[in-house]
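Two complexes, one shared chain (chain A), two partners (chain B, chain C).
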Partner chain A sequence: MAAQIFSAIFVILVGVGGCVAYFWGANKLLDIVFPSRGVTGAAAVDNLRRQGFIRPWLFVGPALLILTVYLIYPVVETLRLSFMDRGGTGFVGFANYEWALGDREFRNSILNNVLWLAVVPAACTFLGLVIAVLTDRIWWGTIAKSLIFLPLAISFVGASVIWKFIYEYRGDGQVQIGILNAIVQFFGGAPQVWISIPFWNNFFLMIILIWIQTGFAMVILSSALRGIPEETLEAAVIDGANPFQIFWKIMIPQIWGTIAVVWTTITILVLKVFDIVLTMTNGQWNSQVLANLMFDWMFRGGGDFGRGATIAIVIMIAVVPIMIWNIRQANRETGGH
Partner chain B sequence: MATGKSFLGRFGVHLAVLVFVVIWTIPTLGILVSSLRDKDQIVASGWWNSVVSSSQTEAGRLPPASAQVEKDGKFFLEGNIFGDGPVRSISAFGVRSAAPTQYEAGVVADLGEGVTLQLNADGSFAMASPKAFEGERGQRVYFASSAPPRFTTENYETVLFSEGIGRSFMNSLTVTIPATVIPILIAAFAAYALAWMRFPGRALLIAVIIGLLVVPLQMSLIPLLKLYNGVGVFFGVPVKTYLGIWLAHTGFGLPFAIYLLRSYIAGLPREVMESARIDGASDFEIFVKIVLPLSFPVLASFAIFQFLWVWNDLLVAMVFLGTEADQIVLTAKLNALLGSRGGDWEILTTSAFITIIVPLIVFFSLQRYFVRGLLAGSVKGG
Partner chain C sequence: MADLTLRQVKKSYGSVHILHGIDLDIKSGEFIVFVGPSGCGKSTLLRTIAGLEEISSGELSIAGERVNDVPPSKRGIAMVFQSYALYPHMTVYDNMAFGMKIAREDKAEIDRRVKQAAEILQLTRYLDRLPRALSGGQRQRVAIGRAIVRNPKVFLFDEPLSNLDAALRVATRIEIAKLKESMPGTTMIYVTHDQVEAMTLADRIVVLKDGHIEQVGTPMDLYKKPGNLFVAQFIGSPAMNISPATVSKAGKTTIVEHVGGRKATVPIASPAKAEGAAISFGVRPEDLFIATGKDYLFEGKVDYVEQLGEVQLVYVDIGRGDQPLVTKLPGNVEVARGSILKLAANAEDLHIFDGNGHSFALNGAVAEVA
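== the complex of A and B ==
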């Protein structure tokens, strides 16, 4: 254990130190090669200009390099691999895509992903909005928000264990230690193996993600709600609007942009959902999703990179519209400069 | 606000929020309570009953006829039903499975033909008969027992030191700390350049970074796996290393880091930087002496994000790190335990609680920065 701690501290120092050393050293080097102090006249101006030309690249250089290796190159490479065979060496055209269309598990994953996309973002946004509105009017709202927000800090694996314990099944008539089956049995129902009921088990897995993400939606929407000018609400009250009219006709339209942001953020998260399915069912009982299927194909039978890449591309295609919308939005905000 | 004026309305709001809070808290409470319970009690009763004695109906067998003692022409069998096992408190007993609690503890039960059986609350029993007992199997006895609630930290000792969770905890720290610090450094420099320095291709770079914000991790896995394998073979180095996963987490965290830091740094007052520049400070000096200190809140926000994201990550760890004891991180270990110790809830609940305790501490102590980052990251961005 002591050796582990020591080597951990050592590698941490090396990693972080190397990073600091680069930035400090590179800038120092630039100052030495093209000095702007201690020289006069045209030489100083020249060197300042050269520094101004090179220094931005010293600053963005490492970021650019890492982004290229870890994100930009892989996107291109994954696209290429999706047209290759399992080892990634022979060109197979659209064979992987044809395989996907005909594969029972892939089609099941697509269906489940659509289900997740339809339910989770909507549920999180709706619940988050309701809780945000309610907690804004009580004195212990901050504490309540903290507690509902808390699952956001918990890992998907941790959350899966937590919920697996809730769904725990014991035979009919036995003492139930899973709270859900205990409640069912208390009301006279028969206990169920919740996560192995095809189709419905999807919803029991979705509940986990909703439990985690509602706090996210709540915090963002709560802050947007507080940004609504007091005067508009007061004017509505004076005009005799009831609480529901205020909510639907005044509040919702004003925070529409924020709702869209929350929705798309959770949508992207849902497309990538992997840990929950892996740990709860590993795709059994028709609960497979794309991200887990892809992980499966990366290693199944020594790994099939072609099929894995194809599934990744399918996930990517679903993200592209959101990506384009984001870039447009950002360009408009910065005025295109 | 218009609502909440009537008593009923206000009461309804309180009640509704209370219901939400209870639903959202109970799952975590369940594993916290269970992790502190005696492992036999976890399976004997639901955790919500953990503060009351857990009662159950058990079955036992008295000793066979060979253990009988003859006294005054009568035959006796005596002893304790629990033997060497832990003592429970018996409330009732019976000899037929259809009526397991027919007699109260301590009562002398008449079993017919002059045979009597007395079973006391502490488990001691006395059976008497005018005729000699026969047979190799003793009398079957049913009884309702209850054990007092028992809370313990034994489970924590077990998982930390025998199940390898302690080691994994260290591994998680080894992965998380550099994977949090490195991207901050790299992103801060890049963010400053993108916000305050003029160079060709800047606008394009910003657009690319915003585009990369949403690229799914899945797109990177296979090419990087191939790349790492290639590098490993070419240089004859191990494929799965801590350096490899730090860089991977740095790469995956960079778009958000640059995006978040850039929008903050771009909002810093121009005058401060101009005046420093007039005083002859270079960009590097401005960055280190002015921008970094001023950006502390946003750096803290991102640090919390990245820390939570790396600590909680399973996918990247499963692809880029090994599953041996010296590399397996908490999330991967927990996933492995779900497979190997599926029904052992004392192990699973305790391990799960250990994996979530660090994020919870970080979260509660730095919630302000976390929320600020969340708002800056999503509301402005869209």
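== the complex of A and C ==
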């Protein structure tokens, strides 16, 4: 424990110190190579111009390098691997993609992902919006909001463990330690192994992500609602709009951009959903999703680099357009007016 | 007919009382301006008339009908907000049409009324634009247009000019005055803290302070016969000079002794029991002139001169502590700083107020003289 703490501190010191040393040193070096003081006239102007040209690259350089190595290279490499065989050595053309189209589990994953996409972003945004509106009017709203926000601080795996206990199953007639089955049994029903019921188990897993992400939607939408000028609502009251019309025709359009950003942000998150499925079912009972399937092929059962990479590319193709739209929308929100 | 009547209207938030029983009768077609310093309750009063604030007690009626519990949209009012409060996601056209669309009125009728309002306000070219693509003055006109389209019996303005720059404010003020002329049957109630707007626009001004009505009257009434010290100093710029004085002889005309032991005869009646009472003696800066004869009201050393061109404000130290007397003299008169100035005023321009600040000129004051 102590050794780990010390090593963490050591790494931080070396990391931060290294950065400071690099930027300071590189800047200094630039001044020495192209001095602007001590030389006269045209030479000084020339050197200043050279400095101005080189300095940005010196400062942005490390970030560009790291991004290239850790982001761009993996993308290219994944794309290459998706055309390779199991070991990543022999070229197989589109065979992996053809395999994916015909694979039962892959199709099941696509279907489940679509299901997640249809339910989770909508549920989170809707609940977040409703809670944001309702908590605005009550004195204990802040407390309620804090409680709803809290799950966001829990890791997906941690949240899954919590919910595993909620869905926990013990045989009929035994004392149920899972609250859901305890309730079912209290009302005279038979306990169920919730996470193994095909199709419906997807929804039991989605509830976990909704539980986590509603807080995010609520906080962002709540601040957007606060930004609506009070007088526009009063003007609508005078214009004769009822509360329902004010909500839909005056409030929602004014925060539409924010709703879109929240929706797409959660959509991207959902496309990448992995931890919850891995922890709860590991894709059994028809609850597989793309990210977990990719992990299975890449790192389990001996590993198939080609198929794993193919699934990764499919996920990327799905995420990229939404991400571009999301970034544009977010820029318009912050940069507009 | 849209007479508007307030009877003992009170408004409080918990134990904080904003309005302390407002009584007011507004006649159909009048242009009424509520004026007062910030925090006097003028905006709250307007918002209770609009129905945006509930009335704590008392009665509000429009055209003879009690409207305390009538929702804002059914009161026959329209309101122009200080911040314009345009719906940012709607075009100018939709902003103006929103109320009628909500009321499910006939499409052709909506179109006719919106286009007509746009015509009056020269907004026809901008009907397809969003509010953010308009200038401040144009937004203000859209807000007015939205109110016109509602065809209200009572038009409410909440400090509509305070977000405009000085030049535009004057232009829009004139536009509002012309708008009023073109809608003679419509009652308008206008809130401002700017006494120039109040003087120029109002048929009658309502001066408010701390949730009470101080005085109601035509602009010239308030200027010529302020009912109390507050109104005297609030209307007119610079404010009226007030000096402490005592009544040395009461009667049909009152003789007062003021700063420096000088006496002045004021053609305002005072009751016999007022003799010897401590009062306030007031005269407006613009009513003072340089004395030529032996009779003068004030004498003092010129402390400071503000030359404005056509007029100059001259601050004269008459021994009232650190409060100099202000006088507005023609700009072409040579007044040297440090020189001694003797000032006089016509008798009918003098004002006297009793110990409670009430004017002797209006009835009310007399009983309270100590």
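Going forward, the second predicted complex is superposed on the first by the 312 of 337 C-alpha atoms of A that agree within 3 Å, B and C clash if a C-alpha of one lies under 4 Å from a C-alpha of the other, contacts with A are read in each partner's own complex, and residues count from 1 in each chain.
Here, a contact is a pair of C-beta atoms (placed from the backbone, for glycine too) under 8 Å apart; a residue touches a chain by one contact, two chains touch by 3 or more.
Note that the structure is a prediction, hence the values are computed from the model and not measured.
After superposition on chain A, the partners chain B and chain C are seen to fit next to each other with no clash.
Between chain B and chain C, an angle of 100 degrees opens at the CA centre of chain A in the superposed model, to the nearest 10. Judged by the touch definition given at the top, the superposed model places A:G308 against chain B, while chain C stays out of reach. Once chain A of one complex is fitted onto chain A of the other, the partner contacts of A:V237 extend to both chain B and chain C. In the superposition on chain A, contact of A:A153 is made with chain B only, not with chain C.
Measured by the number of chain A residues touched, the leading partner among chain B and chain C is B. In the overlay built on the shared chain, the residue A:F6 is in contact with neither chain B nor chain C. Once the two complexes are overlaid on the shared chain, A:F94 sits clear of chain B and of chain C alike.
Looking at the shared chain after the overlay, A:I250 reaches chain C, while chain B stays out of its contact range. With both structures placed on the common chain, the touch criterion links A:T135 to chain B but leaves chain C unconnected. Per the superposed model, the minimal spacing between any CA atom of chain B and any CA atom of chain C is 9 Å. Touched by chain B in one complex and by chain C in the other are residues 236-237, 241, 337 of chain A. Those residues of chain A whose C-beta lies close enough to touch chain B in the complex are 1, 4-5, 8, 11-12, 15-16, 19-20, 23, 27, 31, 36-37, 51-53, 55-57, 59-60, 62-64, 66-67, 69-75, 77-78, 81, 88, 127, 131, 134-135, 137-138, 140-141, 144, 146-166, 168, 175-179, 182, 211, 214-216, 219-220, 223-224, 233, 236-237, 241-243, 246, 257-258, 260-262, 265, 268, 271-272, 274-275, 278-279, 291, 294-295, 298, 305, 308-309, 311-313, 315-316, 319, 322-323, 326-327, 329-331, 333-334, 336-337.
Of all residues in chain A, those touching chain C in their complex are 229, 231-232, 234-241, 245, 249-250, 253-254, 256, 337. Interface residues of chain B facing chain A in the complex, by the touch rule stated above, are 1-4, 13-14, 16-17, 20-21, 24-28, 30-31, 34, 42-48, 56, 166-167, 170-171, 173-174, 177-178, 181-182, 185-187, 189-190, 192-194, 197-199, 202-203, 205-227, 242-243, 246-248, 250-252, 254-255, 258, 280, 282-284, 287, 308, 311-315, 318-319, 326, 331, 334-335, 338, 345, 348-349, 351-352, 355-356, 359-360, 362-364, 367, 371, 374-375, 378-382. Of all residues in chain C, only 50-52, 71-74, 77-79, 81-83, 85-90, 98-99, 102-103, 132, 146, 150 touch chain A in the complex they form.
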